[in-house]
Amino acid sequence: MIKKFIHQFASPKTYLYQVDRFYSYIFLFSIITYIISITWGLLYTPEDFVQGNSYRIIYLHVPASFLSQSLYIAMAISSVTYLIWRVKLAAYLVIAIAPIGAMTTFIALISGSIWGIPTWGTWWQWDARITSTLILFIMYLGLISLHNSFSNHEKADKLLSWLVIVGAINIPIIKKSVDWWSTLHQSASITLTDKPSIDPVMLYPLIGSITGFFGLVICLVLLSSKYQIFIREKNKSWVKDYV
Amino acid sequence: MNNNSLIVAENIGYKINENKLFHRMSFNINRGEALHIKGSNGSGKSTLIRIILGITQPVKGVIENKSTKEICYLGHKNALKSYLTLEDNINLMQLNNNMMLNDYLEKLELKKYKDVTVSNLSFGQQKKLALLRVFLNNSDLIILDEPFVGLDDNAHLELTTFLNNELEKNKSVIFTSHIPCNINSKIIEIPQ
Amino acid sequence: MNNNSLIVAENIGYKINENKLFHRMSFNINRGEALHIKGSNGSGKSTLIRIILGITQPVKGVIENKSTKEICYLGHKNALKSYLTLEDNINLMQLNNNMMLNDYLEKLELKKYKDVTVSNLSFGQQKKLALLRVFLNNSDLIILDEPFVGLDDNAHLELTTFLNNELEKNKSVIFTSHIPCNINSKIIEIPQ
Amino acid sequence: MFRLELLKLRKKTRSWLGPILVFWLIMLAYPLTVEFLQDKLEIGFFSVLWIAILISMMLATEDIFTEDFNDGSLEQTLIKNLSFSISIVTKIFTYWLLIGLPISILSFIFSLGTTEDFLLSISIFPLAIISSYIFLNLFVLGNALSLNKGSVLGALVTMPLALPVLIVLGKGLIAIQLNINFLSFIFLLLGSLSIIIVVIPVVVSYVIKAHLE
Amino acid sequence: MFRLELLKLRKKTRSWLGPILVFWLIMLAYPLTVEFLQDKLEIGFFSVLWIAILISMMLATEDIFTEDFNDGSLEQTLIKNLSFSISIVTKIFTYWLLIGLPISILSFIFSLGTTEDFLLSISIFPLAIISSYIFLNLFVLGNALSLNKGSVLGALVTMPLALPVLIVLGKGLIAIQLNINFLSFIFLLLGSLSIIIVVIPVVVSYVIKAHLE
């Protein structure tokens, strides 16, 4: 039953038409949210007591770091879906997300490095969170490269999915690294359980920027998955009709 | 499916990236039999051979190899080291039957090139050198992917006589060839 | 030695490391003529071709090329980039005649493999891809070293018809082949 | 089988002499690029040494499989009735013998020449031996992963794996200089080596089989 | 023709991204192998930088001709009605653009990150650009000389040629730090470069033709 449902709903064709329906709304909503929170955050919040103005890079750094992990989790979920139910769309999603994930991780690394110069006095430190984020970045690149290096797409999909699942151990490591090892890096300032340790004046624009960034990245993922479907199903008649 | 059969393939199918090469292919090869796999370029002959060798897995169906010895195989690629001399390459092949070796070197007119680096040998000479592995095999199944390519008439004849002899010795041969040849064999044709 | 001649070779000889391949070879090729170079493996056919191309210098004798255009050449090696797709390889060849290109891709059954990496193409498909350079040449001398190797009957026919057409258009062809083919040509045989 | 691998590699002079020469070049070039006094030379020396070992091992493995893959020998090995992993182990060992070992000896000599400290240099020797073997294994994995020319997988995967070894080497050196728990570093490296020796050939044989399919 | 070379190289990810990644690895790994304070880090840093540039250029050229030689493209280029030397110049330039230039930029960034001295780092940039081009040319020559796998001629010839460049780089650095005649070093390198750019392609084209005969 479930299997049938998934297969019906998750046909690349249905997916493509749904994407086209919702894409512009998501895009508009997130770009507006992001712009508003960024302007608010940059222009209308006070200077940080300790860090001065440099903390404002937070509106780029935190959403990017957060998303780099979320996207990996999304990949892992898709992988499981693919391996259990053999949903082709899930396999397309895995490989569609990978480059976007690599991009956000890269942004996280770069923005963190830039932020590190004024606050820590160095742009790089082999500390647990930074290192594990670097590993995440390398993993993204490795997975993309792995997929490209096999000419048999089905084989590549299967291998990729397994490796994504195995590599998922890195995610809790990144999350918990600040707690497990004493590091230079900030520990979590927003958690679901505790009261946030950050001033609400900064908090709201931060949440807004995370939401907006999130939406924008989703848009990218949608575009990239569309591209994957085109490539992989280009010989199907419906794709030719669509184009 | 008798006791005499060496390779039994049932309903095997293969596809790669939505490109269906063949499906529902069944055949069997007995000892002493030759099989000529025919088909146009890109129809999947080499792929079928790699499936028989066990290098590639079929997408559907099963294939069974009842031989206990190593298969003797020569594909499109010669498996020669181009930077080594003819002699060193022979050493690498670990051929044991030394008397026969000299015989074949003579027959294939390779003797005087012992010290020539393989990359300097002519196209056909390289193929002949690679075929030494076949001529001196000690296995009961020989698989050749277009072995006649580049051979002159003399070497072509040498190879067909050899293969026909092997068949009489109850060995089996699987081969592909776009060049007509004089081997008494079953034929399967892979449709386009 | 008339005005119509394209290649004139006089008394050329070649040897490498005391291995005399040929000597006192003389021949000439006129426009609209084909030359089939025959000889057993290792007799020096490819070497002779490389001498005609000007890549190798003969030890003795002179050879003259009266054509002003680039020679169109395909040797034992395909000059393809195995890590690129079929389409990228075509781009690298810089073939201009686009209409004809599509025509030939269709005829050679390569069209649907545009995005396949060359290393994944079959042996014959790779040869056919390499032959595109020949089919779409704009030179007046075509030199082919065993071009029929690995081709299926259809592609073989395609190539012979093409070459015969070119000959009628007053172009010249020099080729070697161990596979019999239907081209009306002069023959020179390199003795062993 | 070992004999055959040895024959093959020995005749391919560029593949074994090349990396050794490059190692030698780097170690020779190092003092040229700095203009400091003798005692300061030592500071960077060992960094350069470890990196030079890393590099030469990388060069050594640069076509350890691609060649066999391209000329069809890999298929031949695959259909042999013998374990593919074992043949990989043999291959790695041959390479180490012809390249890793000479480089370890050279490391000892260069170290002696630079530091003029015999005890230190003799401790460098086992470090070099073990680390060259580890690096060789890692790069073999990398090479197997990127058999296909379009892929940089090898470089991407080897990097994060090589970093910890470099860290251990760096710390091991401090241990030698301060004369504390040097042996524990050797054991740490030996431990990693013993795992790597077993795991890598198996992984590599899977990877290559997947590539050949 | 340049466009074609670019297409070819771009698709062969391993050949251009590989050397860049290796460069990056070496520069990242360097601080791991030493356990010193920030200011001492600088001492060895530039040695490692020059050596890393040298190494990555070596890797970049590792199959610049062998591939074309083996697949028969070299013969095709040879019978074209255009100068073989020019096609070599184009090839080298393409490689430099895709590998040498990014590495020079990375050199600048790493240098900035380590020394936090903008003026110094910005002077490193032209040095890196010129020296990567010189190294590339040298290794191209080396590669051409050892087209044949059995030969180590390449490594043997390139080495003595690369050493003077490394010496100049070392001295150039001192010049920057002491703020004296830095420009004269740049000119020295530029002078060598201009000779090399002209001479190497011609020599290489002869060497390759000799190999193909």
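Labels A, B, C, D and E are assigned to the chains in the order they are written; within every chain, residues are numbered from 1.
To be clear about the criterion, contacts are C-beta pairs under 8 Å (C-beta built on N, C-alpha and C of every residue); 3 or more make two chains touch, one makes a residue touch a chain.
Quick caveat, the model's predicted, so the values are computed rather than measured.
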Graph separation of chain A and chain E (steps between touching chains): 1
Farthest-lying chain, centroid of Cα atoms versus that of chain B: A
From chain D, the most remote chain by mean C-alpha position: C
Between the pairs C-E and A-B, the one where more C-beta pairs touch: C-E
Whole-Å gap separating chain B and chain D, where each centre is the average of the chain's CA atoms: 38
Computed distance of Cα centres, chain E from chain B, in Å: 45
Rounded Å distance between chain B and chain C, as computed from the means of their C-alpha atoms: 28
Sequence positions of chain A contacting 2 or more other chains: 145, 148, 151-152, 235
For chain C, residues contacting two or more additional chains: 76, 82-83, 112, 117, 119
Residues of chain E whose C-beta touches two or more other chains: 11-13, 28, 32, 149-150
Sites on chain A touched by chain D in the complex: 135, 138, 141-142, 145-146, 148-152, 155, 159
Contact set on chain E toward chain D in their complex: 11-15, 17-18, 21-22, 25-26, 28-30, 32-36, 40, 43-44, 46-48, 50-52, 54-55, 58-59, 62, 146, 149-152, 154-156, 159, 162-163, 166-167, 169-171, 173-174
Residue numbers on chain B that touch chain D, as the complex places them: 53-57, 69-71, 73, 75-84, 88, 91-92, 94
Chain C partner contacts - residues on chain B that touch it in the complex: 19, 39-42, 45-46, 76, 109, 112-113, 121-125, 128, 146, 149-156, 178-179
Sites on chain D touched by chain A in the complex: 145-148, 150-153, 156-157, 159-160, 210-211, 213
